[in-house]
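Below, chain A partners chain B and then partners chain C, in two separate complexes.
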Partner chain A sequence: MTAGKKILGAAVGAVLMGSGSAYADTIKVGIIGPFSGPFALQGKNFQAGVEAYRALNGKSVKGHDVEIIYRDLPAANPAQSRALAQELVVKEKVQYLGGVYFTPDAMAITPLLSQANTPLVIFNAATSAIMNTSPLVVRTSFTTAQTTNPLGKIAFDEGVRKAITVVSDYGPGVDAENAFKKAFEAAGGEVVESVRMPMNTTDFSPIMQRVRDSGATGLFAFLPSGPPTLGFVKAFNETGLKRAGTKFYAPGDLTQESDLPALGEAAEGLKTSFHYSVAHDSPENKRFVEAAVKAIGSADQLSFPAVGAYDGMHVIYKMIEATDGKQDAQKAVDAVKGLSWTSPRGPVRIEPETRHITQNIYLREVAKNADGKYINKEIQTFPDQKDPGLATQ
Partner chain B sequence: MRTILSIAIDALAFGMVLFIICIGLSLTMGLMRVVNLAHGAFAMIAGYIASYAARDLGLGYAAAIFLAITGTIVISIPLERFLYRRIYGSSELTQVLMTIGLTFCVIGITNYFMGPTLKTIPLPQALSQPVDVGFRTIAAHRLFVIACGAAVAVGLWYLIERTSFGIKLRATVDNSAMSDALGVRTQVVYAISFAIAIGLAALGGVVGAEFLPIEPYYALRYMVTFLVVVSVGGAGSIPGALIACLVLGLVDTTGRYLMPDFGNFFFYAAVILIVCLFPRGFLGRAQ
Partner chain C sequence: MHIMAQAGTVSAMSKAKSHHWWRDVAGIALIAAFGAAGYWLFPDNLALLTRIVAVALLVLSIDLVVGYCGVATLGQAALFGAGAYAAGIACVNGVTEPMTLIAIGAVAGAAAGLLMGGIMLRAHGLAQLVLSIAIVQLFHEAANKASAYTGGSDGLAGLMVSPLFGVFEFDLWGRTAYLMGLTLLLLVFIALKFVVASPFGMLCRGIKQDPVRIRAMGSFVFPVLLKMFVISGAVAGAGGALAAISTQVVGLDSVSFELSANALVMLVLGGLGTLYGALIGTVIFMGFEHMVSAINPFHWMTMVGALLIAVVLAAPGGLSSLVERISASRGGKS
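The block that comes next holds the complex of A and B.
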């Protein structure tokens, strides 16, 4: 009904003004993320990515003004996530949903999409299975399996034959454990032990003792970014494992840029694999970092969720362009299938079958840059990595 | 055997961090009968001050600790005078509501001014080296924490049992009206005890920052752990708190080594068992 009215209004406007692009309607985009609470930094990164994209690419597409409505979801809470999405669709009449930091929150929204005729562009939530729950989901972040996968071969090539995995005991941790195990065993190595730590562990010395007792020469670890990573890395150094020559591998969540000033020297030399480093050397990234730092206020706080949001906005803008402002979720999603562009992280593509992003995964090392600041320095590139979690299904 | 020793020393260090932070809470709860849920918030404030002093002002570790303790006490004095003094002797619910409100305020303020990222307190060279203690290497910092914990325990015991201030404090706790009548300035005694409790929280927050990293949600994240330690030890008892910290530290560390997948199961199972056997905590006094 409203859409009909809008078209009518548009037609009248066009006749009156004699120009198709002069009519100004507003397309609303609802972004759900943790903007307050313990994960506020990640939400701030969402916002910085969105604002950076709008600063560089304008606030309207083909004459349609784009309005962003932010909704705060401080911690993983599926019921509230669903309520927020419903409110955005019904009350605010948004045409697109975006954001979502945690997997359970995304899972709670996907069943609504087809009835709401609204696509969801996920900026972060990183579990493979989300993509199967609705054909109207597109994701511009990464999956844990995707970022972990190359590490198995790297570890084997560096001479590790026996490895131990230590992960936080929750969905993505288990994903990481399985992905590493699979890749490492495919390369010819052996995982001698798998330890799952509770999420709220703060003292990691006993875990390190276990690593030592296992006789493994390589340690694969996954912890969500945040306070515990510091304790984990310190425990690794202080219990003498580093000195004994145990090799340490982890996906980049562990050395998120916003944690690096605190990790500092303790993390120097750690090798992690990830889809994006703020220090990525390309003109696109330079432009992005400049705009995003302006939006977030401090260079120390910028990290990977911002690039997910930035590319997510790119996808949403392309969708608006393809549907010319009309609400047609299926057409919008179809329009971005196979879409490829150069993101600040490097060349990327939306895979038509899975609607997940295919991208380079980089092996990085924590090192000091010319200004004496710690960065994730890219040392090796694994081009065109699909999500192995989805590719096998 | 090496593994057992190794776990024991980790447990000891972790237990001592808990002890330094919690003993202040135990004193306010047991001696002053104030349920101070904002105790962790004071430890966190101290951590921020120490981090600022060491990283931005370039002061040494000892100076940072000193500044953090005095700074936190200075912040706590007006709070004691204008907020806490009103709730001495109130019902527990009033105390809990006020102090948890204070906690949320502190979290909001630190988040606004210091930002949501982790803050570290750089250790001096001597404390950041791993030390070889024969059967394993351990961070020198952990040995320092163990020494601090022992010093705090002995110092407090001496203060309360062997000095004239200790006598006044115990008298005030047992019967404040009578002490008042006998010429003890109970308001002053309360204010000093409160300052000591906050100072200990501050010390614990700074030296324990390697175990419990400083970030705005520190105050809430570890609140339950702190309260559990106090109730297991028995509010107000120094040896009780020490035993509780060592036992819980040992159970937690051993459980985490043997069966990491079980998480906090052993910790809470031990708490339930102890509270069933000793309803007032290990050395709590009958009310």
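The block that comes next holds the complex of A and C.
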């Protein structure tokens, strides 16, 4: 009986809601991300960022209700990505697309945008080249080159003259290797050896031996976040390289906040460069972290994709404001070119030419905070960093 | 005795053929009708339907080697990916005519099938399965390493396919891609029906049931199976090329172990060794997956798992065996 009543109630509710939306216009935003599978945590961060933004800034813009439709894309799969985007545009009639964790997925969506008259705001996918594939793409995340670039100068300034690079052998790893090499050599240093490890390497002691044999005093590393990083850092400590004074540099993907509890003591003192630390000290970030933790459920799970999503929603809201709810992708994108605001990560700007975000890059050190929890403590700021990958094109 | 036995099977075969002849025509008409119905009923989901067609070709190709030859494989995506990358690379380098690209994909798939079959057929049973996994991993790593040609983990993007017959464009709505894919699927299906009903197809089934006996009959096993591998490679390669054309991007997922394993699951779901099972399994699996993942993007995988367990328990021979059982029971009544 009660179940029957519930169903009846839901049906009535659905009818009421349906008729309600016929009066007030609803603007739909389709978010594609990895909400299940091995990368589900990153997708959860997307969702937390979006929900945090809506909790703090309302669920409507200028009287237009904003509805979010999530679609799951568990792993890089361009064919599925295209199918999801097509369905969101053609069937669900979304006016905006957002999200996207992996580069190939973004590449599969961009050819559709001009025909769909829909802008795409990328919350993560971090390869420079995406931005050149459509004028309707805006990105609020980072690129590996952008976050890595300052490390070259940092290493040189700390007295490293000879460095070795060790990266996982896949796209972002190779990007990181090139970015560090370029920046370090521009500063006057020399990269004596570049090691590319297979993705599933778990025994790092031979690699540490190569680091030792190379005679380098600085080690630049890039691995996908998660268990391999843990093993790598442990091997670095246990083979005595740390004690011997070899300096360790890496972009912040390696010490993302959701991995820090597992890395623990092994990571203490590691210096990484990145665009966002959950521990960033500003009122904007405090507000954001509070709302995002509420959305994600646990403070330990919050990390950088959430801030990409949060700022992505800011851009989408600004687009809706500029077009007053009408579907006009070019006008929407034009409206946010040059847009600048204070993000939880610090001051940011959408570069008018590249539509990529310009932001501060911070040098951080893994340290314990007052509560005894490990954080990425910001120790140096490199303001106004553009994406060097796009700047050179 | 021997001659008599052979004559017996031949007459049984021709009898079976004449009995099944109208059923195959009806079946193919039914597939065409379903395909057309999909076009009219889900005009907003044609990209998904095209993806289903491409994967259906992969699943059909697995059915050829697993269902008809009894060769266990978890690496069929190597052939699918070979077709996808060949078509993609050709397209980026200026060959943009879609039919030509499909042909290139099929040829590349067949070549990869020759290579893969040549290696895999040297082993049996579990060792064969392990080899198939090793081969798909090698293909995956090769595609990752050769990033100058394949785009590596960023994917091979920028495929600009010219309109079909110079008129029908591959656009946002995906009508061209779907109708081309559907036609391709029908043609391939008809061709495969002839292949599996031919003496060569019968020989493959014989090898599946008892390779020793086939050998004793004076037939070579290896070249027969290799031939089937090449055919299956061409089918998978055509599917890969279709995926590349309709997506305009080729990613490493198209040569992944995951895709191989998923496709095998679809085949088992639909039923081995009937060709129809491959189509039924693909449509049900991908359609269901799409539906539940839209309803709950966060926890849909549990639903898919539940479906699989339910089907395997209720119909161990796959969904197509259910259809046969129902039609058989009806036949019994009438």
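Criterion: the second predicted complex is superposed on the first by the 370 of 393 C-alpha atoms of A that agree within 3 Å, B and C clash if a C-alpha of one lies under 4 Å from a C-alpha of the other, contacts with A are read in each partner's own complex, and residues count from 1 in each chain.
Note that in this section contacts are C-beta pairs under 8 Å (C-beta built on N, C-alpha and C of every residue); 3 or more make two chains touch, one makes a residue touch a chain.
All values derive from a computational prediction rather than experimental measurement.
When both complexes are superposed on chain A, chain B and chain C end up sitting side by side without clashing.
Contact with neither chain B nor chain C is seen for A:G245 once the two complexes are overlaid on the shared chain. Of the two partner chains, neither chain B nor chain C is touched by A:P283.
Once the two complexes are laid over each other on the shared chain, residue contacts for A:Q301 go to chain B alone; chain C is not touched. Shared-chain residue A:N77: touches chain C; no touch with chain B. Looking at the shared chain after the overlay, A:E87 reaches chain C, while chain B stays out of its contact range.
Shared-chain residue A:S258: touches chain B; no touch with chain C.
In the superposed pair of complexes, A:V195 makes contact with chain B only, with no contact to chain C.
By the touch criterion defined above, A:G372 lies against neither chain B nor chain C after alignment on the C-alpha atoms of chain A. Looking at the shared chain after the overlay, A:D169 reaches both chain B and chain C.
After superposing the two complexes on their shared chain, the closest approach between C-alpha atoms of chain B and chain C is 7 Å. With the contact threshold set out at the top, residues 40, 169, 198 of chain A are in contact with chain B in one structure and with chain C in the other. Chain contact summary for the complex, chain A toward chain B: residues 38, 40-41, 44, 169, 195-203, 205-207, 209-210, 213, 226-228, 230-231, 234, 237-240, 243, 258-259, 261-262, 264, 298, 300-301. Those residues of chain A lying in contact with chain C across their complex are 35-37, 40, 70-72, 74-80, 82-83, 86-87, 89-91, 103-105, 107-108, 111-112, 115-116, 127, 129, 133, 169-172, 174, 198. Those residues of chain B that touch chain A in the complex are listed here as 3, 6-7, 10, 14, 111, 115-120, 130, 136-139, 141-142, 210-213, 215-217, 221, 252-254, 256-257, 260-264. On the chain C side of its complex with chain A, the touching residues are 43-48, 50-51, 54, 141, 144-145, 147, 151-155, 157-158, 171-174, 243, 246-254, 258, 293-294, 297-301.
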